[in-house]
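In the two complexes below, chain A is the common chain; its partner is chain B in one and chain C in the other.
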Partner chain A sequence: MKKVKIIKISAVWCGACLITDKAWKKLKENYDFESVELDYDMDEEEVAKLSAKTVLPDFIFFVDDQEVDRLVGEVSYEELESKLLEVRK
Partner chain B sequence: MVYLDYSATTPVNEEVIETYAKVCREFIGNPNSLHTLGVKAKQLIDASTKQIAKILGVKETEIIYTSGASEANNTAVKGVCLQYASRGKHIITTELEHSSIIAPLSYLSHNGYEIDFVKLDENGLVDLEDLDRLIRKDTILVTIAAVNSEVGVRQDLKKIAEVVHKHPRVLFHSDVTQSIGKDKVDFSDLDLASLSCQKFYGMKGIGALIKKEKLMIEPLIHGGKSTTIFRSGTPATPLIASFAKALRLVYEDYDEKREKVQKLHDDLIESLKELDVTINSNNLCLPHIVNLSLHGIKSEVMLHALEEHEIYISTQTACSTGNYSKAVYAITHDKEKASNSIRISLSYLTTKEEIDFFLTTFKQCIEKLNFRRVS
Partner chain C sequence: MKKIILFILLFLFAWIPVQAEEKEITLYLFHGDGCPHCAEEIEFLKKIEDKYENLKIEKHEVWYDEENAELDKKIREAMDITNSYVPMTVIGDTVLIGYSSSTGSKIERAIKHYMEEEYTDQVSKIIDGTYEKKEESEENNFSKKEKEMDEKVTIDAPFFGRVNLKNVSLTTASILIGFIDGFNPCAMWVLLFLISVLIGMKDRKRMWILGLTFLFTSALVYMLIMLSWITVVIKITTIVWIRNMIAVVAVIGGLWNLRSFLNTKDSGCEIVDDSKRKNIFKKIRKFTSEKNFALAILGVMGLAVSVNLVELACSAGLPLVFAEVLALNQVNSFMKFLYTLLYIIFFLLDDFIVFTIAMITMKATGISSKYNKYSHLIGGIIMLIIGILLLWKPEWLMFQFK
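So, the complex of A and B:
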């Protein structure tokens, strides 16, 4: 099983980020992976380096420090879980 | 210039500016001062508050002046949640809310509160059965805007209130910012309501939170009694007087103004149906807002193309960023439509000539931008 890191970029004003919050918290509870949370407005430099989408939230999946995939916008727990299981195979 | 962005903000009525300037010059005292200048200012505030209360159909003691709707929304959401945390930490809202509701809810979500989003039907209206299902023993607040600012969806606040108030410990807050002056709001259905004067031809920097008299909330700004104990700071006498003036003026000849906007809206919709666009607003929406999706043209590109002809519209609510409309997405579940949506917002000040000029120019812009895209 590969070591996975997920960076989540969100914003306080973003409705889709708040909707996805429950799924994100559940994913962190159920699986062991490194998680980093960035704020679209507060962490401008890091966000710019990651070429973040303007559609939020932006979940960026890394394996061995290499970006392998992204999920953008309102996503369900099942979509997050499925992507995590796919990239860590 | 053709201004079609009245839902973002409105030009200030000249009479309101005159009131503001006159009060600035003639009522210089701090209303909390005991001398005659202070008393004179306090009397003007009291008279203004009385007038506002009468027009809105609320008690004078139910008006808390704020800097605008964002502060009113923050005060309502955080004020209720901090006050009633011992009862529970569950809040219900919709995907159609303004960022000044979503942001305090995000803050609360990171501080132990749980937020649920009620389902919407295909027209963007709250699913009342789902709302009833979502309310739990620990639910303390339901916050749902009367009118969504991007699409114009108008919720049935009375029916929502009936569901919420079946549960006596749950409070109902509504952001009525887009309704004031355009619709008549029955505040008796609401425990709390937010509004802003800049949306009804008043000054920027003044709004109010309407709060049921006996309801307690934790203030956002502490600092002692002002016009109420719920929001400290020296009362802004000129802004409060201008608030009363703007409110009185906007409801003058209300039926005629409303009829005029309805006619402009209907004519606009009929003409838009002939163009290559999808109209997202429907008959249940406020006639002042027309939201539509372009086909294959980015909304920002259209906004700037129209701007070259001094026509001003909006791509989404002025208080958010990101490249798609959350409200259009919530209703259509189509990212393409949500990415390419524009909002045209009308006023009783809008003329038929302005709409005709907009339609002619809009059609030309579609043709020009489509030609560029395919060539």
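So, the complex of A and C:
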């Protein structure tokens, strides 16, 4: 099994980010992976390096420190889970 | 021989359909030079003059022409019209005072009615002195027909008694359009940011007051803008080309909304322009941390005003069609206020829910952007339908389906 890191970029003013929070927390509880949470406004420098999309939240999947995929927008737990299982195969 | 020829001729001509001579209907318009509603009716009559072959229009200017003024007086006296308002339209024994878009369709219904039913030119009878005054209780057939039509839009509802479907429809329209318009995300992100800052405060009372100030000021600003908008639309909607222009805007807006629904793949939060966002954040932080509470309230009110002015441009389509529907139905000032208030209550419902939950649970919550996506679909359909009806069947928007 590969080592996975997921960076979540969200914002306090983003309703979809708040909605997705529940699924994100559940994913962290159920699976073992490295998680990083960035705020679009507070962590400007890191966010700029990751070239965030124009829609939030932005979930960036890394395998061995290499970006392999992204999930953008309001996503369900199932979508997050299946992407995680797909990238860590 | 002659008899035989005559018989043959009679037999032949008997098969040729004889077109019944259509009666000429005269519409009398008593108007004043410089009266805007009279000018509107004259414009309207120009358009329908060619539509009805047997329609004759007689115009009498009564403000400057003494002879016409005398005739106007004579007719009002004979027909028991106690006011002297212009324009006054007389067709048969039907008198219509004033002019609005609904008068236009009423005039056409009256013309059609007299073409099919019994018609007597009462004005010419008044002029030649042969007019017979009707009993007060005696109603003409056209008025009866119109009353029946009004009754058709009235139902007996349990608990509420006799309910006019037109009022019910306008109430439903206010709630539905307001609710759908409320999902436009333009102001929601500002509210969420405000909530996140307020949650960080320890003073619950301050949190509630500042948050509610933001929401009530937003409601007030949006309502004032909408009311003035509706007042303007009511004044200009009788001008057909303006109504058509609003219809075209509604159709384009509807299609744009449907396109947004189909094209939105990522249902999430669109990132607002950096400088604008940072500027608003700075203001929110400044106002909420202001030690002088009165200044903090004023600051939040100012913020709500500026945000809602921007928001109006963001959701201009639905308030515009709502204003047009109210204008077409010629609602009075009190009802205009009530319907707009209802619209605003439902427009801000989602914001109030989000704010109340956050203040009670001390945790910010959002509304799924999927609802925003579907609000594009429903809003688009509403705008498209209203736009099309404005162009082809404006009377349907007045809940007259005949």
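Everything below uses one rule, namely that the second predicted complex is superposed on the first by the 89 of 89 C-alpha atoms of A that agree within 3 Å, B and C clash if a C-alpha of one lies under 4 Å from a C-alpha of the other, contacts with A are read in each partner's own complex, and residues count from 1 in each chain.
Just so we're on the same page, contacts are C-beta pairs under 8 Å (C-beta built on N, C-alpha and C of every residue); 3 or more make two chains touch, one makes a residue touch a chain.
None of the values given here were measured: they were computed from a predicted structure.
Superposition of the two structures on chain A shows chain C clashing with chain B. In the superposed model, C is the one of chain B and chain C that contacts more residues of chain A. By the touch criterion stated above, A:73 is placed in contact with chain B and with chain C alike. Once chain A of one complex is fitted onto chain A of the other, the partner contacts of A:14 extend to both chain B and chain C.
By the touch criterion defined above, A:57 lies against chain C but remains apart from chain B after alignment on the C-alpha atoms of chain A. Taken together, the two structures place residues 12-19, 54-56, 73-74 of chain A in contact with chain B in one case and with chain C in the other.
Residues of chain C that touch chain A in their complex: 185, 188-190, 192-193, 196, 265-271, 277-278, 281, 354, 364-370. The touching residues of chain A, when paired with chain B in their complex, are 12-19, 21-22, 54-56, 73-74.
The touching residues of chain A, counted against chain C in their complex, run 11-19, 40-41, 52-57, 72-74. Of all the residues in chain B, the ones that touch chain A in their complex are 95, 97, 99, 102-103, 105-107, 109, 114-115, 117, 319-324, 326, 329-330, 335.
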